[in-house]
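First the structure, then my questions, so here it is.
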Amino acid sequence: MATSGLARPLGLTRGAAALAGLAAAAIALLALPYVAPYFVIFVATEILIMGLFATSFNLLFGFTGLLSFGHAAYFGTGAYIAALLLRDLQPDFVWVLLAAGLGAGLLAFVIGALCVRLNEVYFAMLTLAFGMMVYVVFHQWRSMTGGTDGVAGFPITALGFGVHGQLGNPVHYYYLVLVVVAASLFALYRITVSPFGLILRAMRENTERVAFAGVPVYRYRLYAFVLAGAFAGLAGALFSPFNRIAVPEMVHWTQSAEPVLMAILGGASYFFGPLFGAAVFLTLERWITSYTTEWMIYLGIILLLLVIFLPRGILGLFDRHKEDAP
Amino acid sequence: MRRLIKSVCSVVFAALLLPASAFGAEPIRIGAIYIMSGPFATYGQFARDGIELALEEINGQGGVLGRKLEYLIEDSAGKADVAIQAARKLVYQEKVDVLMGIDSSGVANGLTPVVPELQRPLLITHAATPDVTGKLCNKWVFRNSVNINQHMKAAALLAKDLGNKRWTTIGPDYAFGHQSWEFFQKYLKPMQSDVEFMEPMFPRFGSEDFTPFITRTISAKPDGVLISVWGGDLVNFVRQANNLGFFDQGFDVLFTLGGATEVLTALGDQMPEGIWVGTRYWFLAKDTPRNKKFVEAYHKRYGKYPSYNAQNAYSGVYTIKGAIEKAGTTDPAKIAAAMENLTVDAPTGTYTVRAEDHQALVDGYWGVTKADSSYPIRILDPVRVFPAKQITPPPAENGCKLAG
Amino acid sequence: MAAFIAALLNSLEFGLLLFLIASGLTIVFGVLGILNFAHGALYMLGAYFGYSVLHYVDLPFWAAVIVVPLAVAALAVVIERLTLRPIYGRHPTFGLLLTFALLLILDDAVRLIWGAGYHIVDPPSLLKGTVSILGAVYPRYGFFIIVAAVAIGVAIWLLFTRTRVGKTVRAAAIDRETAEALGINVTALFTLVFAFGAGLAALAGVLAAPIRAIGPSMGERIIIESFIVVVIGGLGSFPGALVGALILGAIHGFGGRWLPELNLILPFLGMAVVLLWRPQGLLGRSA
């Protein structure tokens, strides 16, 4: 069977079918505002943003084997940087995104340098600790971040470089998000199939062997951590203008748990797993909450079943070429 | 191929989310957003009770413009981002005509700037932050309940009569707590020049343990303490304060929202007597036929006495009804325009919604807690009603600049 | 002076209650190798069951203290057999993820059954009121918690060091394979330990019910604090849980009064420092 470079990450076996699927998805996403009811645009925008957040997380989890329970620190930092810049300085939106990504990446560098030396549960706990420290700072620093009330009432500026469009309009914003997320996912994809990405995967399988081969393991982990943080920050910078507010909850560990759930749901060993997981998660949430407010219980049950029976996630159901290790 | 299936599935999911539209005589829909979970959940429940009673009465008399009036309710959980998402869902998915609600000042501050994009009027029936009818005001947002300016002006008048020299505060660490203290100082200082304001204390909103703040206050030996902790937090506070002898220290204690029936019900006998508590409506204060009828109907239907949140939501529905009838249409922009200068006959008294800042001129209430065997909760006796004109600052002071 | 006494008592009360909760967590990790994310939810269940038992069935408080932990332990047996057994031996992250799923389920189940608002339980009349010590006024129930927690802690320590069952559990924690080879039924032991940890958490929940607001987010708050305690004390170390909990208690009681700006960040800072400097915790064995 022919397996193209895209087949595995999509959980597929046939390269041509993968490309066709991707093309169909692209058309559907582009046409969405014209065929779907208005509120679906909001759902789709959120799915794309969270999909980017979850994919950035998965660079660490699915590819490098590091479970970070504090990834929201970078997402939230990006969200706040965007909100504060828009509130106080109103630069063009493209600079807002850039600043958020860089700011979050810088934070990830500082925290990551301390975290990557640890393994497994200890790594998870340390990222959790740092994540919550960032949360406390955002929560307590009322004069700068508005404390528990957050940062609101900021305008959304124009994109910049003379690009037309009113980003305050949900349809325009959706297209912006689509472009940014698609570009980011493409970049992340290229990273995962590059030699660097392959080394990350090797590190996930057996860190010692990779170290014996002369690879500076901690340094590579740090690179992955910074990249993951930067893209999470970018997602956050798309998120706060979308919601018109940045709140400390966006930095809280319960926000960190969402990309974890999405990655597991979709399948952490597939590149598009987290995006798919985000779509399933958010769609399920919308659907179930129209009947009952208690939807987490269903998510919990699904997650439980997945962890026990389908550790490879939903996309794993479709993959006929499972590797040995999860 | 799988990706295509995934896309198809997404579209199918989306189709499932389409609301089933009702054809025929279309009802008018109100979208309500209140806190329905957590330590403040009873406020949302009381609000819902008030709404349902109003709807029952209104629909029993033929509805509004001959159409049935309906409502949907969403939980804000006290979080602004949740409330914004709920508002979008109500407007775009459920297609409501009007929005009402909001318990938390933090949520109100977050939601108010978003309302103009939603193009629906929002009637705030609880959140008191001055900003929504002040520097954040816009043509779509209105309020029919007592705000911090009015409430703290009344508190200051009360404080002046008490004549204490050193005041401190314990308030929740968010907009409401900080702004309550800010305005209390602002109004009291000119009335009592020798007043001294001590270091304020702001425990986390939703805090469970107030013990450190209680003991610190006792040690600081103030003459008066203004406490703007409310809801479930206040219930925790009072229970812990009782245990630590807080109320036996000899200083005056003012609970700005201690007169809320939600709190009095939860505390029962544990609410000390002889404390000045504020509220936004007290069911026994007004002897008018309108109030008596409301209290009786509420008590008959629910077996308890209406809290201010219930009354505010109830009269909120009547305010919406009045605006729609005045506008003669359910065009949201026209409803919003009609709400200006609207006069409503409510249990708390007749009030008018001021055009300059969209704040209703409502009376403020403070009273002293007292046990009374004919009621299951502490009642307020004596009650001081502060007339709206006395406590509402002129619009020029607010910083509200409504575009013409 | 009075202020110091009050802060000290507050620290002890907070810390010792946290010790009860965290010790269950650390014992389960030590023996089963699973860091139970849902441990806080079990504590919360204890509080809710306690509320129901006191409110609806009208049992006296003392009866609730016995009945509720047993009930939650029974539930834990079911949970362990159905959900944890399949994943023993897998990568440690599975344990975290699975118990996180349990947390989601239990959190929402509590809302479905008891509603989204919150409830109040009064202390038993024998323990109401306050006591005066050296000028400080402190609730009687607070003293009760301190005394009860110490007594329970001592009992557990004796259980693990003096009894056969306790020694067997410790043996299995140190080396599962050898224990199995010696004929110990490790599978049953795991169930027992998990149920024990759950019962302990639930006991803490019942004891905490009169002084905490019983609401759906109880579990979330306490689990983070518990993680901090066991990390600082040492994952798997029972005395470590005591040390960690007392440290957190001190931060809460003294920090709340004298360092209000910093005291929210100190626990996480402490956790980070320990992980970076001595990952096995203050009293843990070297990994």
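To keep things simple, chains are lettered A, B and C as they appear, and every chain counts its residues starting from 1.
Note that in this section contacts are C-beta pairs under 8 Å (C-beta built on N, C-alpha and C of every residue); 3 or more make two chains touch, one makes a residue touch a chain.
Quantities reported herein were computed from a predicted structural model and do not represent experimental measurements.
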Of the pairs A-B and B-C, which shows more C-beta pairs in contact? A-B
If we define chain centres by averaging CA atoms, which chain lands farthest from subunit A? Would you check? B
How many angstrom lie between the centres of subunit A and subunit C, each centre taken as the mean Cα position? 33
Calculate how many whole Å lie between the centre of subunit B and the centre of subunit C, each centre taken as the average of the chain's C-alpha atoms. 38
Considering subunit C alone, which of its residues make contact with at least two other chains? 111, 116, 264
Residues of subunit B touching 2+ other chains? 36-37, 75, 204
Junction residues of subunit A, two or more chains touched: 293
Taking the complex as given, what residues does subunit A use to touch subunit B? 10-12, 14, 17-18, 20-22, 24-25, 28-29, 36-40, 42-43, 142, 147-150, 152-153, 168, 243-245, 247, 249-250, 272, 276, 279, 283, 286-287, 290, 293, 315, 318
Using the touch rule from the top, collect the residues of subunit B that touch subunit A in their complex. 1-7, 10-11, 13-14, 16-18, 36-37, 75, 79-81, 84-85, 88-89, 92-93, 105-106, 109-110, 112-114, 117, 136, 173-175, 178, 204-205
Mind pulling up the subunit B residues that touch subunit C in the complex? 36-39, 41-42, 45, 75, 204, 208-209, 211-213, 215-216, 219, 232, 235-236, 239, 243-245, 266
Quick one: which bits of subunit C touch subunit B in the complex? Just the residue numbers, please. 2-3, 6-7, 10, 14, 111, 115-118, 120, 129-130, 137-139, 141-142, 212-213, 215-217, 221, 252-253, 256-257, 260, 264
Subunit A partner, complex, touching residues on subunit C are 35, 83, 86-87, 90-94, 96-98, 100-109, 111-112, 116, 220, 224, 227-228, 231, 235, 261, 264-265, 268-269, 271-272, 275-276, 279
